[in-house]
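A, B, C, D, E and F are the chain letters, set down in written order, and residue numbers restart from 1 in every chain.
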């Protein structure tokens, strides 16, 4: 049965914004190297870094009807996450839908399929991470579901999870972990700041991380 | 038998330029969602939007001899469309050939293979849509044909068809349809301008397009 | 047995810099169309053109320990070349390692795997050519080797070879050929300058290269 | 934190066996076209058709240690489902592990990575569905988890779900739906038997399914 | 506008059968190395070699309605050729449709998409060449066209062309060339029979084809 | 300069045959997990397991002239290894060349490109490992080299190295290591025979390999 779930729990915006600040690589490490979407998900333009609450869409191949349905479920600070039930490169999304989402305060789109009007989307700075760019149009005939658990580009996404996306890709932070991950990010960033200063001063990671003994124990030979 | 067809019918430049103005996504929709090349055809730099008459080249793998032959067949306002007879990523085209085409007023290149010197091509703003970027050189030993029907990246192209290319990809408008498609584009753009304004004002596509009843009839449940 | 070779012969910097000046496409042609890496190796940002001496790393899938070991072997003017023993898209390298390499005067990284922190790498202008962009972290458990012969993206690389990399991809110049290739590049560039001027003036390659007779002999028909 | 969950709820064997009888295409349709793994998951030999309870493994790239841990959690009638945390084609599994699984009554392996010893696995008729065949060995250094929810080849898998696999691919039946899906399969098979007889007798699907009116209403023209 | 063209010109069955006899590699060579579909089109089982007249179907992504329409247009000796308007791996075709086609004497299916029930199709020896195997179901909502020119896997196909398919792939013989190509195949086979006997007797192609002089003239050195 | 090296050192046939006996997975492990070709190299039919001395061919894209040259350099017990200078799927090799190689006692072909006549090659049991199957013909215009070091499918191959190939793929044993690797294979097989018997008897790898302590030390939790 196809459903639209209307009420989803969202994460507090100060946590979401803190995750955006940290970015994908840090968030992914901070939560134990989990939650990353496959690397074929690429931004349509460089430089965007966003986070938001996931509104999820499970959608048939070549049919974007449910994106129109999903728009209504979106609020300020959300990110739309769309995954077709069968691999399909069709261009599900373009500038008109972006105008509609932007009018509701949606921060961006993650779609395991194609997107079009990328010139216009770039001009209006509406960021999209997609599997490809394609102008191929879709139909509006078959139902899907909104705000159900989906798999997008190899990662499980639940409605209300936090999505973090930047030039490194896209990462999912489960709703319940957001607060903990923010704390881990902060700790990690502080530690990295110290290491960064030492590396820039010419010290070696081999020494900073104390790797030489373990390398020798494993049998590494210098010749 | 390998041939060079010297006289091809071209489309009037005001129609060609109107199609460039509309861009790939609009043109593709306006002609009934046909004519699109596969999405692996990508521009070497962002921002170009061109249209022109196709001069076609059927070419062997790893051999760019026929591109030199085709240059002579090109005129002001043309676009060269090159397709190897067998999948091959070799770099068939670089800056010197671009100088030659630019000197004849050619607007760009569509090639289902590799291209090189992309830094120079970007600097001289000669746009190319290709399957990949590769410096691998080619030989000049085997004939092909110029201005015969070809298949390029999954689309049938006839000499004198209009090629439209931008950041969304590449679309073919058959010679005979150019005038009709321009009219359809204009109609579509006018309709979209109205929808765009309403979406920006916060109205939903669900309401603008009157989708709610059909969704309910199909059985969509809101929970 | 896993080893770190500490002394490698490097090519004189004036030869290395001359190769950078010529760029990948010219160098590749000048040495007889050899040495090119596969075209899936792409720069993380456009516009960089570098050359340097290869410090090579053979590394297990999903484990970047040996990159830390390799940093110590790098000198001013080197380029790090990393290849996993089995295809793997993991993000082996990020901004901290780049800080460390930059502090030693390393000019860039070639890695047949993933890279992350591309926004930071772009900001600090540390160029990387990689198979993909991925934030997926690695472990530090298993040895590999530094400065042994490797295959990277389909090309054989020996420590101390010259690496040339730009928007067209990556090319390897064997250590022993560097001087000869520089000379060939100069000769090629001089010849191309003459051809370029004639092409820009509207002459055809068909005439400049004297191709018409051979084409006719092969049976090309103009209709 | 890496964990091994030791007690999972399994589906009754008569339901599991009924699903094996129906096969992937029927099961997938019967549960509303959900649960299918990506089509790059292929059997190492043709003709096997199995079903079993999923024992899941989340595993690092290039490291098969946790498969050894998972063997102990397997029982008669299970199927092992393995997914690396980052895409990796390494050969995680071979004949020795198959001997061990077979000794415990495990019916097969689903792995989104590589497998080796396929000649031996074929000879002993231990079926595997994998992303590729690769002899590349793995290490045993890094933990993962057993019997946690995973994503395998684009589908969410929970421990104790039923896996159905045959020449058409692999499908997941959620633990709670097994009984309902078996009923749906039976109904579908009965309906299809009737249609099959009519089609073999030369009747057309157009008539059996009553499609002609809807086609005409949509505007299909016969010329 | 979507249409079904009901009357197409077919090639005489003795020519079609002669082309089947020759097979794909010979036919492709005999017509000047043209007409080959991309090599990702693979048979679902080894050993089939067929030829037949093309009934073509242009079809939307994820929607197999028009295959049902096309069945009615098929006759004894035809081959159905199906191409989606946008790349899509969905399983458009299975055993029930095969029963229907087989009842009409159709010899096989060429589809640039997915197919399912391959175990049953193999058992009934109904050969299919497809881009992938996938159980993912389709809908029946959107029109396409039957017996219009299409592009399938990179080759242009017109209704009534002859399709030849075997373990080497799929080749298209244009309707008008069938008789000529049969003659060329016969000539080629006779010539090859002589060469085969000499090669089996230990003579070298270098001598049979008289290549040594040309090799020396091109500068090949034996060391 | 293009050359044919006529005298290469070959490995003694009893060592070569011993490596064939062990097969790819064992040989690859026995020599420290090196030498494996990329997993996209697949056999055209299942069940062949061969080893032989490499006669190498570096060849241009779409041009098989040098294979004819290479045939003359082959002897009883050799395996031909062919790699194009730029990625190309063309069908370089078919049944006539196989007749010629078989007449000289060549055991098989490894080619990082396409092969055709696979039905005939299967019938005559001439095994081929290739990147794809394609009937697309090649020209004979451009030189390459025979018996020079090449990179094939990501592995460095020197003339006279031993090639081992079976259903798991292809592995290179360097000429100098053959004797050592045979010894390692024997040792490995003896050790595996003991483990196999224990696994079949129901013992766990966890116990046989003594893994439980290390797992606990790394922090694995059983819940």
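In this section, a residue touches a chain if its C-beta (ideal position, glycine included) is under 8 Å from a C-beta of that chain, and two chains touch if they have at least 3 such contacts.
Note that this is a predicted model, so its numbers are computed, not measured.
Trainee: If you apply the touch rule, which chains end up adjacent to both chain B and chain E?
Mentor: Touches both chain B and chain E: A, F.
Trainee: Going by the touch criterion at the top, tell me which pair is linked by more C-beta contacts: D-E or C-D.
Mentor: D-E
Trainee: Taking each chain's centre as its mean C-alpha position, how far apart are chain A and chain B in Å?
Mentor: Using C-alpha averages as centres, the distance is 31 Å.
Trainee: Report, in whole Å, the distance between the mean C-alpha point of chain C and the mean C-alpha point of chain E.
Mentor: So the centroids are 41 Å from each other.
Trainee: Taking the mean of the CA coordinates per chain, how far is chain A from chain E in Å?
Mentor: 42
Trainee: If a residue has to touch 2 or more other chains to count, which residues of chain D qualify?
Mentor: Residues 1, 33, 36, 39, 85-87, 89, 134, 136, 142.
Trainee: Draw the chains as dots and join the ones that touch; what shape do you get: line, ring, star, complete or other?
Mentor: Here the contact pattern is something else, fitting no line, ring, star or complete shape.
Trainee: Go ahead and list every pair of chains that touch.
Mentor: Chain pairs that touch: A-B, A-C, A-D, A-E, B-C, B-E, B-F, C-D, C-F, D-E, D-F, E-F.
Trainee: Which residues of chain A touch chain C once you look at their complex with the stated criterion?
Mentor: Within the complex, chain A contacts chain C at residues 23-25, 28-29, 33, 36, 39-40, 42, 46-47, 49, 166-169, 171, 192, 195-196, 199-202, 204-206, 209, 211, 215, 218-223.
Trainee: In the complex, go through chain E and note every residue touching chain A.
Mentor: Residue list for chain E touching chain A: 60-63, 85-90, 134, 136, 139, 141-142.
Trainee: Would you pull the chain C residues touching chain A in the complex into a rising list?
Mentor: 1-6, 45, 65, 68-69, 71-72, 89, 91, 94-97, 99-100, 102-104, 114, 116-119, 122, 132-137, 140, 142-143
Trainee: Tell me, which parts of chain F touch chain C in their complex?
Mentor: Its residues touching chain C are 1, 32-34, 36, 38-39, 85-87, 149, 151, 154-156.
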